[in-house]
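What follows is a set of structures for review.
Paired with chain B in one complex and with chain C in the other, chain A is shared by the two complexes that follow.
Showing the complex of A and B:
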């Protein structure tokens, strides 16, 4: 028990107290009374609503695409030889370990005014004028997808590693087709990993800062960039505090909400 | 098999999408153009020269390095005992405590940095640099607990028990038997935690200010004002360093199994 002391102390002092302080601040009225007035102000603000809905929408687009791309890839990665798997795994880890600023910057080179897409389309005569792709929701979605795909792949690979080869072979020898086997055996048996991956990617999309900051700028704000703008540009600490609490609430809600999907009856 | 061809195609496309941007950035860093144009029209090394000549990049690189090392050491010092307790002992309320110790991984980094700024800098007047160090330590803490726990689970407790039954004190057994055996887990935790800190933006965002910035924050600031390929060159350097570290760590430690 003694061993947990220093760590617990650290978290209580430097992690939980600041969070509770911010929560208390968000509920404190002008005369020191407890009030929800600040939440009312932020939630009724038209800009906040647009940004909140946009952030959720982008997470709702990125997450399913990540699942669709990552599932087959992760499945293949559990089937190849150990040597090949090691190479593929390091290709998945590499982007995860690289500075998100560097990774996101690449999309400026690709989507920018004189970037690859515009140059190629121009050369082919498909675009008469360079198309504006930077500072759009689409650019942020592409950036988020590149940011979070590796997390989905890693989570699914470790979930599918636990599916025994024999179970799959049994299904196949009992007359199940490859596709049927995938959806009725592999997916249910790796469902916990799927839920974990979805949770990580979805909450990641909602709280990501670097991607929307670089690819959306001040034109296409998300919750994270709006919070930064309120705090550091507009010096509206009250609004930033409320947005911070809303971000935690959304994250916790998702973490606990998605846990309900654990399919106990299947395993 | 037709099905597996489709699978291979999906996977190949995924890797083009994941790795392609890195290739693009490296090519663009050798451009001789002052605007971001791809493909570049000529070759030059001027942007690398510029990176090395910008004082702020050097200052913030050292800041990131120092913050990362200090926070990683602290997180390991706090995390190893927690991992050891959670793997070796059963006690009431263990699930709740495990959740407690992993909470910095669940709360958004932006909020962690923001709350530290509000609480410490404004209320207790703590210097911003200390806030940066504390914020980084908090997010690395669950990381070290998880990685070290994973490696402790693969270590046979019987060996430690044997040492104790042969007359070693539990404390001595821990340092002489347990720690050397989970060495690769400790190194993996160190590498993962340090890289996490070095690359972090959300926590640092609110805990940096005039005179105190980390390298990724400085890169974001630079990008707001300049559109030349300097950041391409700097990013390329970071990418190459990451490739070397990831390759070495995967070969020597199999780091992917700790992630």
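Showing the complex of A and C:
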């Protein structure tokens, strides 16, 4: 219990207190009374709804793709020798060591009008004219996927490392195929890691600011860029606090919703 | 648990002096240097900081024996910090773009200056001496929203009406509504199409017409610089201070003065409300308006002079907001009117760009 102290105190002071403050502020009426009026105002705003649906849509596209791409890679990493694993881990961690701003700017060079993608497609004769890729939802989705894929891989690797090899061998010796074993044994046993990875990536997508701001520009607003606009341009901190609470509520809902799907017959 | 609480409190107490630094000021003042040892805190932009240090801050520190501390960042961030610390202000002098200075005045985070303490005030343009009224701010440098195009890619631009031309579709960018010049662009489009700056519905119609074919609307000059250097954009209205970088791409670009003229604006300096260094704050403002500082800033292409007695060589002048020909073509807009419509205009803008 004593060991939890410093961490708990830090979180209490610098995380839970501000969070409670934001929540209280979002519920405070003009006369100081508790009211849901601000939520009503924000939720009834057509602009907010468009931005909310767009942000949710992007998170719901990025997260499953991250799962599909990360699962096989993470599985492979638990199967290779220690030396190879350490090289693969370094490759996964490397992007995390680069600033998100630098990583996102690199996409401008790749997805730009005369970027690598357009030049390659042009050379192959697939594009007659350069395609517009920057400042679209597609650009944000690609940027977010690159940003959060390492997190998904790392979470799944640590979850799958806990799956005992004997369990897998038992499944195979009892007649299960490799694919069947993966879906019926490995995935259920690493489900906690999957929930964690999905929550982290989904939360990241909902709250990301730099990537949507650079790759989407002023044309494609997301919840985070809208919140900045409300707080720092319009000084409408009330609306900004409501948006912040809605962001938190959305991720909590997803996290707890996913836990309901956890296979119950497994420890 | 109890012990850990004690440890944490002890840790917090140990680091407190780190945060409280700067509260102490040495009292080594003398008759010839009455402010010696004092610290002046300036809230300003961080762009070109090395040149600002060289031209403004260092000479001031040496002249008065004081220390200048800067809090740098964009308008919105610095403004928010000052509002948050309103009860216990830290900043002595604040520099903002025009519309933000107006907001700062409304919010009560800047206070009126005393004209009798500013010997250089009469040397700057009359319109820059008190642009907000009530002596709340001084325009220490003039800027403009220019218009450029790629001479090798598109036909010459001669009017703001040209922005809706077919050959600019897919290669045009405009400043976003939350930038300094965003709202002013609406006024210019209204003037260009309806002959009336205030017929803003016409300006908005044109924004709606242009929006689908814009590369993007940019929220900072650095984004525009990237768009130009990546050859995504062939024409755009631009903030004059970004012109050096745009030209520096080596691409064939040309800036024009359209028939309706251009948009002008001032960057403003104010005494922060509740400053404990009012005299020193005035001395800093006067220093910024001095001939030497204004000339040095212009020669380094940092800021165009607000003083009227500065003569610049042609190669410097062409990169700045300088000279009768250009300045006579600038339109200045009312910050109060812009602040009043800001929220409505941002909603209107978001609605157009969400389609």
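Keep in mind that, in the parts below, the second predicted complex is superposed on the first by the 243 of 267 C-alpha atoms of A that agree within 3 Å, B and C clash if a C-alpha of one lies under 4 Å from a C-alpha of the other, contacts with A are read in each partner's own complex, and residues count from 1 in each chain.
The criterion applied here is as follows: a contact is a pair of C-beta atoms (placed from the backbone, for glycine too) under 8 Å apart; a residue touches a chain by one contact, two chains touch by 3 or more.
For clarity, every value in this text was computed on a predicted model and none was experimentally measured.
Bringing the complexes onto one copy of chain A puts chain B in a clash with chain C. By the touch criterion defined above, A:247 lies against chain B but remains apart from chain C after alignment on the C-alpha atoms of chain A.
Once chain A of one complex is fitted onto chain A of the other, the partner contacts of A:25 are limited to chain B, with no touch recorded for chain C. Once chain A of one complex is fitted onto chain A of the other, the partner contacts of A:149 are limited to chain B, with no touch recorded for chain C. Set side by side, chain B and chain C differ in how many residues of chain A they touch, and the one touching more is B. By the touch criterion stated above, A:112 is placed in contact with chain B and with chain C alike.
Contacts of A:124 after superposition on the shared chain: neither chain B nor chain C is touched.
Legend: residue contacts after superposition of the two complexes on their common chain; A:100 is shown touching chain B, with no touch to chain C. In the superposition on chain A, A:260 makes contact with neither chain B nor chain C.
Contacts of A:51 after superposition: chain C is touched, whereas chain B is not reached. Residue contacts after overlaying the shared chain place A:179 against chain B, while chain C stays out of touching range.
When the two complexes are superposed via chain A, 223-231 is the only one of 151-159, 187-195 or 223-231 in chain C with C-alpha atoms clashing against chain B.
Within chain A, the residues touching chain B in one complex and chain C in the other are 1, 6, 10, 105, 108-109, 112, 114-115, 213-214, 231-232.
In the complex of the two chains, the chain A residues touching chain C come out as 1-2, 5-6, 9-10, 46-47, 50-51, 105, 108-109, 112-115, 132, 134-135, 213-214, 217-219, 221, 226, 229, 231-236. Residue ranges on chain B touching chain A, taken from their complex, read 1, 3-4, 6-8, 10-11, 13-15, 17-19, 21-22, 24-25, 28, 35-39, 77-79, 81-82, 84-85, 91, 97, 100-101, 103-104, 106-112, 114-116, 118-120, 123, 134, 137-138, 141, 145, 195, 198-199, 201-202, 205-206, 216, 219-220, 223, 231-232, 234-236, 238-239, 242-243, 245-247, 250, 254-256, 259.
Those residues of chain A whose C-beta lies close enough to touch chain B in the complex are 1, 3-4, 6-8, 10-11, 14-19, 21-22, 25, 69-70, 72-73, 75-77, 86, 88-103, 105-110, 112, 114-116, 119, 145-146, 149-150, 153-154, 178-179, 203, 206-207, 209-210, 213-214, 224, 227-228, 231-232, 237, 240-241, 244, 247-248, 251-252, 255. Residue ranges of chain C in contact with chain A, taken from their complex: 1, 3-5, 7-8, 76-77, 79-80, 83, 103, 170, 176-178, 211, 214-219, 223, 226, 230-232, 342-343, 346-347, 350-351, 353-354.
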